[in-house]
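So, here come the structures, one by one.
Okay, so chain A shows up in both of these, paired with chain B first and chain C after.
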Partner chain A sequence: MGSSSSALTRVPQAEQLMQETGFSPAHIVRLFDRFEFLDKERRGELRPQDFGAVKELAMNPIGDRIIGAFFPPGQETVDFPSFVRVLARFRPVDKNRSRDPTQPEPVNSRTGKLKFAFQLYDQDRDGKISRAELLQVLRAMLGMQVTEEQLQSIADRAIQEADLDQDDAISFEEFRKSLEKVNIDHKMSIRFLR
Partner chain B sequence: MAVPLGPVGSGPGSSRLRVSGFVLLLVFVVAASASRDLSSKDARKNQESENKTNSSHHKKLFPVLSFNYEHVRTPFEISLWILLALLMKLGFHIIPRVSGVVPESCLLIVVGLLVGGIIKAIGEEAPVLDSKLFFLYLLPPIILDAGYFLPIRPFTENMGTILVFAVVGTLWNAFFTGGMMYAVCQIEGTNLGGVDLLSCLLFGSIISAVDPVAVLAVFEEIHINELLHILVFGESLLNDAVTVVLYHLFEEFTHAGTVTVGDAFLGVVCFFVVSLGGILVGAVYGILGAFTSRFTSHTRVIEPLFVFLYSYMAYLSAEVFHLSGIMSLIACGVMMRPYVEANISHKSYTTIKYFLKMWSSVSETLIFIFLGVSTVAGPHTWNWTFVVLTVVLCLVSRVLGVVGLTYIINKFRIVKLTKKDQFIVAYGGLRGAIAFSLGFLLTNHQMKNLFLTAIITVIFFTVFVQGMTIRPLVDLLAVKKKKESKRSINEEIHTQFLDHLLTGIEGVCGHYGHHHWKDKLNRFNKAYVKRWLIAGERSTEPQLISFYNKMELKQAIMLVESGSSAKLPSALSSVSMQNIQPREPPSGRIIPKISKGREEEIRKILRGNLQKTRQRLRSYSRHDLMIDPFEDNLSEIRFRKQRVEMERRMSHYLTVPANRQEAPPLRKVRFESDHQVYSSDGAESRGPGRSPGRSPGRSPGRSPGRSPGSPDAVSLLDESSPRANHRRADRAEGDAEPRADAPDDQEDQDQLKLSRCLSDPGPKKDEDEDGSFLS
Partner chain C sequence: MAWFVFPVDNLLCMCLCICVSAWFTLLLVFIIVPAVLGVSFGIRRLYMKTLLKIFEWATLRMERGAKEKNQHLYKPYSNGIIAKEPPSSLEQEIQELRGPASTLRSEPEFEMADIFYFCRRGVESIVDDEVTKRFSAQELESWNLLTRSNYNFRHISLRLSVLWGLGVLIRYGLLLPLRVTLAVTGIGLLLVLTTVVGFLPSGELRTYLSEKVHLMCYRICVRALTAIITYHNRENKPKNGGICVANHTTPIDVIILANDGCYSMVGQVHGGLMGMVQRAMVRSSPHIWFERSEVKDRHLVAKRLGDHVADKTKQPILIFPEGTCINNTSVMMFKKGSFEIGCTVYPVAIKYDPRFGDAFWNSSKFGMVSYLLRMMSSWAIVCSVWYLPPMNRQEGEDAVQFANRVKAAIATQGGLVDLLWDGGLKRAKVKDALKEEQQKLYSKVLVGDQEDQREDKPVEDEKPKDDESGPDSAEGQ
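Showing the complex of A and B:
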C-alpha cells in the first residue's frame, strides 16, 4: 500500500479522525480508498445514490435504513469524516480501555453499538420503538412470505415480552435488556476494522 | 428382583437399605457370571443323560421344568450388564451428597473397579472393553447425540479457533509427548531402551487426543459458559481426524520399520482425505436423510428410525474407508437437522431427542464401568518412570500448547480469550476411553501392556483428579456460567436484524467477511436447498415464523400440562381480536360475550350430564369398584379445570389467524404435522354457524367411560384437534347427515358442543343434550 504516512496526507482531517475513532492509519487509508471508490464523481461527498452501487445493500431487506443511517437527519450528503464516524461504531471493543468516568464513552462500546441499532428501528427518533415501527421492520425482513395477521401476532408477542413499563413501545433500556444475553461485542464488530 | 430402594431419606435405616441393595446387586451379577460355569456343566450332564437314554431306549419322563441357560446366554448377559449400569446410575442420584462432589464418571469407574475385582476374586474371566464393541456400538450414540444437538451458531463462530486447537494442538501434543518420551527412554538408568522412536510417537498420538466422552461427562455437570464449552467440546470432536491419521500412520511405520519423506508427505495428504472425506460422507447421508423425511408425512411412526439409521450408516461407511467416523457422524447430524425438523412431527422430534439422550446415557455409563473392569482385568506392566512421565508430559504439553496457540489465535479473534479461559481449556483436556481402545487395538506390539498401563493411569488421573477439581476451580475462578434461559422472540428478531445490518455494513466497507458468506449461504439455502428437502408449504416458511410457532406450541403445551386456569397471554388474544375485528365481517368467527353466570350454568349442565352418564354406567358394570367419593370430586375438579383450559384454547384457536382462508388448505391441515394445530380454525367458524338447533343425532353408544377428565384426553388434544377439525371440515363441506357414531372421542363432541353453546345460548340446547345423553 506504499508508505502509509504519505497516503495519509491525502486524507482530510486524518489525525483528528484517528484520535476520535481510534482507527489506525492503515484503516483510515483503507476506508478512504473505499470512500473514493463509492464516490465515482469525485465530489468529495457521498449521496444516497452512490450507496446504490453496493450490491449487497440492494438485496438487503433493511438496506434503505442502513443507507439512511449514514446521513444525519436533514442532510443529503455525507463527507468522509462522517462516513468514518458511522463505521467507527463497528470497531471491535477495546477490552483494556481505562474506565475513566470523565471521558465520554467511546462510540464503539457496547452501548454505542446498541444505540446505533436502536436508531435504525426508531426512525422517527422519539426514543421508543412503537408497534408500527416494529411492524415495519418485520414486514421488511419477512416480506411477502407471511400474512399480515402473523406479523401482527409476532409484533404483539415481541412487545409483550419486552415491554416492562407497559407503554406499548420498546424504549432503549428495554431494548438493551432483551439483548443482554447476546454477545453484542462479537456480533456487531467487523474484524476488518481493527 | 426387587431391589429395596426405599424413599429418599437420610436416616441410617434407608442408607443401610441402599447399601444392602447394592450388595445384593453385586451378588446377583456374580451369580450370573458364575452360572455360566454351571450351565456349561449342566449342558454336559444333559448330554450324558441323553446318551444314556439313547442307549437304553428307556422312555424319559416329560420334563416339567428344565433349565437351559445357554439358549439365552448372550442377550441375558448383555441385558444384565446394562441393567446393572443403569441401576448404579440411579443409585448415585439418590445419594445426595456424593453426586454433588464427585462427577458421575468417577463413580462409575469405581463401580467398574469393584465389579471387576469381585469377578476376578471368584476366578472368573472379566469381560474387557473390546475395541470392536466400543467403536461400533458404544461410541456412535454419544457422538450422534452430540452432533445432532450441536449448537451451530457458537460452533461456526468459533470454528477457526476450534480447528486450530484440534489440529495443531493435537499434533503438538503428539510430537512433544512422543519426542520427550523417547528422549527420556534413551537415558540409561530407566531400562526402557527397548522403546524406539516410532513406538514413542505412536504412544504419543494415542494419548494426545482429548476425549469427547470424558469431556461431555464432566462439562455437562459444571454448566460452564457456552464459549468455553464449545471450544473444548468442539476440539474433542474434531481432533478425531488427526488421531485417526496419526495412529494409522505410526502403526504402519512401526510395522514397516523405516520412514521416508514421501511417507510423511503422504501422511499429510491422508489427513486431508480423512477429514474431508469423512465430512463428505456424512453430508451425503445427511442430505439423503433430509430428503427421505420429506415423504414421511403418512408414516410418522418410523421417522425417528430414519434419522438414526442414516446417521449410523454414515458412521459405518466412513469406517469402511478408514475415514474419520466421528466427523462423518457430526456432519450427517448437522446437515440433516434443520430440514428433518421442519418435516417431522412434534412427537417424532421428541422421540428422537429422548432416544438419543437415552442411548448416549447408557453408552456412557457402560463405557465407564467397562473401563473400570478392564483395569482390573488387563495384564499390566508397571514401570514407574514411564507412567509418571506420561502423566506429567500430558499435562505440560497441554498447557504449553494451549497457551502458545491462544497467543497466536488472539491476534485474529474479535473477542479474545482471557487467561481464565485458557486455564479452563487446558484443564478440561481430559483423556478417556478412546485412548484406551486405540491402545487395545494395537496388535502384537511388544510394548502393548506397558502402554496400556500408562494410558489407564493417565485416564484415571484426568478423570478423577481433573474431573473432581474442575468444579470447585470454576467456582473459585468465578468463570462465567451458562445462563439458563429460553430464547425470546425479541432476541430472535433482533439477532436477525443485526445479521442484516452487519451484512450491509460489510458491503459498504467492501469487506467480504463472516456475515457476507453467511448471508450468501442463507440465500442459497432458501432458494434451492429448502425447496428440495422440505415438504409442502414449510419450505417457504421463514425461520422467524417457525420459531414463533414453536414457541406458541410450547407455551400451550405447558399451560395444558400445568392444568392451571391461567390465561393465555390475554393481551395476545384481545389485541389480535382487535386487529381482526375491523377487517372481517362478523361471520360467527367472533365469540359473543356471554355473562359469567351463563357460562357457569352451561358448565354445570355439561358436568351434570357427564356425571349422570357415568353413574348410569356404574350401575351396569359388574366389575365396578366402589368409587371413593373424594377421588370422584378430585377428578371432577381436574376435569373442570381442564375444561376451562380447553375453552380458553378454543378461544385462542378462533382468534389466532389462519394461514389461508379458503377451503382446500383445510384438507391439508388434516395430514400436516401437529404444528399446524393453530391454523385450522376456518372450519370451526362454520361449525357453530351451521347447526343451531340441530340435534347431534349421535347414538349414545360412545363410551363415556373414558372421561375427558383424564389427562390422556387433554394431551391428546393436539392429535384430536386436527381430527376434530377434520370432522368439522367434513361437516362444513356439506355433509348434512348426522354421522353414525364411530366410537369417537367425546372431547371432539364436547368441543363442538361448547362452541355451539357459546355462540348460541338457548334453553332448548339443554333438552337436546339431555335427550342425546339419556336416550
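Showing the complex of A and C:
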C-alpha cells in the first residue's frame, strides 16, 4: 500500500472519490474499468441505454427504476464520479465509524441505504410514497401474475401497516420505522473484493 | 555503369535463390512431410516450454520494476469484482428479509423490505454480471509479450522492451510468413486432392482415401497455426452414426477436432473461398451444407441430420450447440435441436490456454481476416481436448434436460463455468419471458401456489389460465 498506483492516474477525480466514498484504489480502478466497459462509445459518460448491455439487469423487474437511480432528475447522462457515488451506498456499513455529529453521515450508513430504497418507491421525490406510487412498484414486481383487485388489497394492507399518521402515504420516517427489524446492512450491501 | 551492377545483381539473385530454396526445403522436411505422414518431431512442445519460461521471467521483471517505483502492478481480476453470495432462491431470500416471524400465510402479504432483494441483485449485476464478460477476451495474470494483452506498459524496463521487440520481429518476420505459406499449401492441397478423390466411384477405396486426404490437410493447417493440441481419452472418440458436440470458442475448433478424426461438418453455404472449399469437401465425403433459406426450417434440418446418422457408413456429425463463440471461460445454453434426433451423443470439451495467444473470436470487434492474422501472429495456440464417454437420452428425459446434462459434463471436464444463459444474448435483447419468470417467482411468495388457491375456491376462476402452461424450462436463477 502507500502511494497510489499508476493505473489510478487515468481515473478522473480519483483521490477525491476515495476520500468521499471510502473505496480503495483497487476498487476505484476496477469500477473505472467497468464504467469504460459499459461506455462502449467512449463518451466518458453513460446513458440509460448503456445499462441495457447488462443482461441480468434486463431480467430484473425493477431494473428500470434502478437505472433511473443513477440519473438525477433532469439529467440524461452520468459521469464516472456520480456513478461511483451511487455505488458507494452499497458498501458495507463501517462498524468502527466514530459517531461524530459534526461530520456528515457517510452515504453507506443504514440511513443512506434506506434513503436509496425509499427513492426507488418515491419516484416524484416529494418525500412520501403515495398509494399510486406503491401500486406502480407492486405492478412492476408482480407483472401480470396478480389481478388488479389483489394488487389493490396488497397495497391497502401495506399502507395500513406502515402509515402511522393516517395520511394515506408513507413518509421516510414511517418507512424507516417499518424496517426497524430488517438487517439492512446485510441485505443492501455488496462486498467488494480486495 | 553496367559492368559494376551486373555481378552484384547476379550475386543478389543467387543469394535470394539459395535462401528461398533453403526455406522451402526446411519447410518440407520439418513440417509438411511429418504432417503428411502424421508424425511429429516434438519441436512445437519444446518451443512451448521455452516460451513459458520467458513469460515467467518477463512477469517477474515487471513486478520487480513496479516494486522499485513503489507502485502496484495492475492485476486483472478474472474472477469478478464482488463477492457473490451462494445462489439461493428468490423465496429463501425474501423469507430471510422478512425475518423468522413470517411464515406462509393464507392472505397475500407484501413487505416494504421485499424491494431490497431486487435492488441488490440489480446493482450487483451493474457492477459485475455473469453474462456480458463472456463475450470479451479473457484477461491474463501474467504478460505474454504481446501488446494486445498488456496493461502495465509503464513498468517495462529496457531489457523487457528489447525482448518484446525481438518477439515482434520473430512473430511478424519469421512466424507469420511461415504460417501463411503453410495455410495456403494446406488449403490448396485440400481443394485439389478432394476434387481428385471425388472422381473415384463410391466405395471403400474412396472413403479410405478421402479420410487420409482430409487428415493430412488438417494436419498442415494445424501446423499453420502452430497449434499444440493434447488429446485425452481417445478411446471415447466419436463413432459413425453419432453426433459430436463441443463447446465453441472460435472457428478454429473445427480444425482442432478434425485433426484427429473425420467428421461431417454442418453449416451454411458461403460464397467466395469458403464456398469453394465447401464444394470441394462435399465431393469426396458427405458434409451437410444448408442454403440460407433452409436454415430457418427446423424440420428440414432435423430430417437431414437424422438421415445422416441413420446411415452407419457415414462419419459422425460435428455440431456446436451454443450457436456462437464464447470466450472459453464458460459454457452457455445448448440449443436443443441436435439433442432431439435421438442418436448417441459424443461430448467433447475444448479448453484453450490463453497464455500463448487468445483463440476467442470476438466477432463484434474483429472480422475473419483480421482474426486469422492475429492468430497467426501470436505465439501459438495451445489447447486440450477431452473426449467424454458417449451419452444417450434417458427414459423420461426431454431434449432440454438431456442438453443440460451434456453441457454440465463438458463444463466439468473442461473446468468451465456452466451457465444457463443463451449465447444468443451476444446480439439479442433479453427475452421478456425471463423477467416474467422473476415476477412469477415473487408472486408465488406473496400469493402462494396457484394450485392451492384453486382448490380452496373452486367457483371463482378469475386467475389467468396461462399460469400452468407446461413445466417451466430452465429457470434463470
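Note that in this section the second predicted complex is superposed on the first by the 188 of 194 C-alpha atoms of A that agree within 3 Å, B and C clash if a C-alpha of one lies under 4 Å from a C-alpha of the other, contacts with A are read in each partner's own complex, and residues count from 1 in each chain.
We adopt the following convention: a contact is a pair of C-beta atoms (placed from the backbone, for glycine too) under 8 Å apart; a residue touches a chain by one contact, two chains touch by 3 or more.
These figures come from a predicted structure and were not determined experimentally.
Asker: A:Val29 contacts which: chain B (first), chain C (second), both, neither?
Answerer: second
Asker: Quick one: is A:Arg125 in contact with chain B, with chain C, with both, or with neither? Answer first, second, both or neither.
Answerer: neither
Asker: After superposition on the shared chain, which partner residues are touched by A:Leu179: those of chain B (first), chain C (second), both, or neither?
Answerer: Both partners, chain B and chain C.
Asker: Is A:Gln160 touching the first partner chain B, the second partner chain C, both, or neither of them?
Answerer: The first partner, chain B, only.
Asker: Tell me which partner A:Arg42 touches in the superposition: chain B (first), chain C (second), both or neither.
Answerer: A:Arg42 contacts neither chain B nor chain C.
Asker: Show me the chain A residues, by the header's touch rule, that chain B contacts in one structure and chain C contacts in the other.
Answerer: Residues 31, 34, 37, 51, 54-57, 59-63, 66, 87, 90, 117, 120-121, 137-138, 141-142, 145-147, 149-150, 153-154, 157-158, 162, 175, 178-179, 181-182, 187-193, which sit in both footprints.
Asker: So in the complex, which bits of chain A are touching chain C?
Answerer: 2-3, 5-7, 25-27, 29-31, 34, 37, 51-63, 66, 87, 90, 116-117, 120-121, 137-138, 141-147, 149-150, 153-155, 157-158, 162, 170, 175, 178-179, 181-182, 184, 187-194
Asker: What residues on chain A touch chain B, complex-wise?
Answerer: Going by the criterion above, the answer is residues 31, 34, 37-38, 51, 54-57, 59-63, 66, 87, 90, 92, 95, 117, 120-121, 137-138, 141-142, 145-147, 149-150, 152-154, 156-158, 160-162, 175, 178-179, 181-183, 185-193.
Asker: Which of the residues in chain B come into contact with chain A in the complex?
Answerer: Touching chain A from chain B are residues 157, 412, 414-416, 483, 485, 488-491, 493-498, 500-511, 513-514, 516, 519, 523, 540-542, 544-545, 548, 551, 569, 571-572, 575-576, 579-580, 656-657, 659.
Asker: Chain A touches which residues of chain C in the complex?
Answerer: Residues 69-72, 74, 77, 79-83, 96-97, 99, 107-132, 136, 151, 154-155, 421, 425, 429-430, 434-440, 442-443, 446-447, 462-464, 467, 476.
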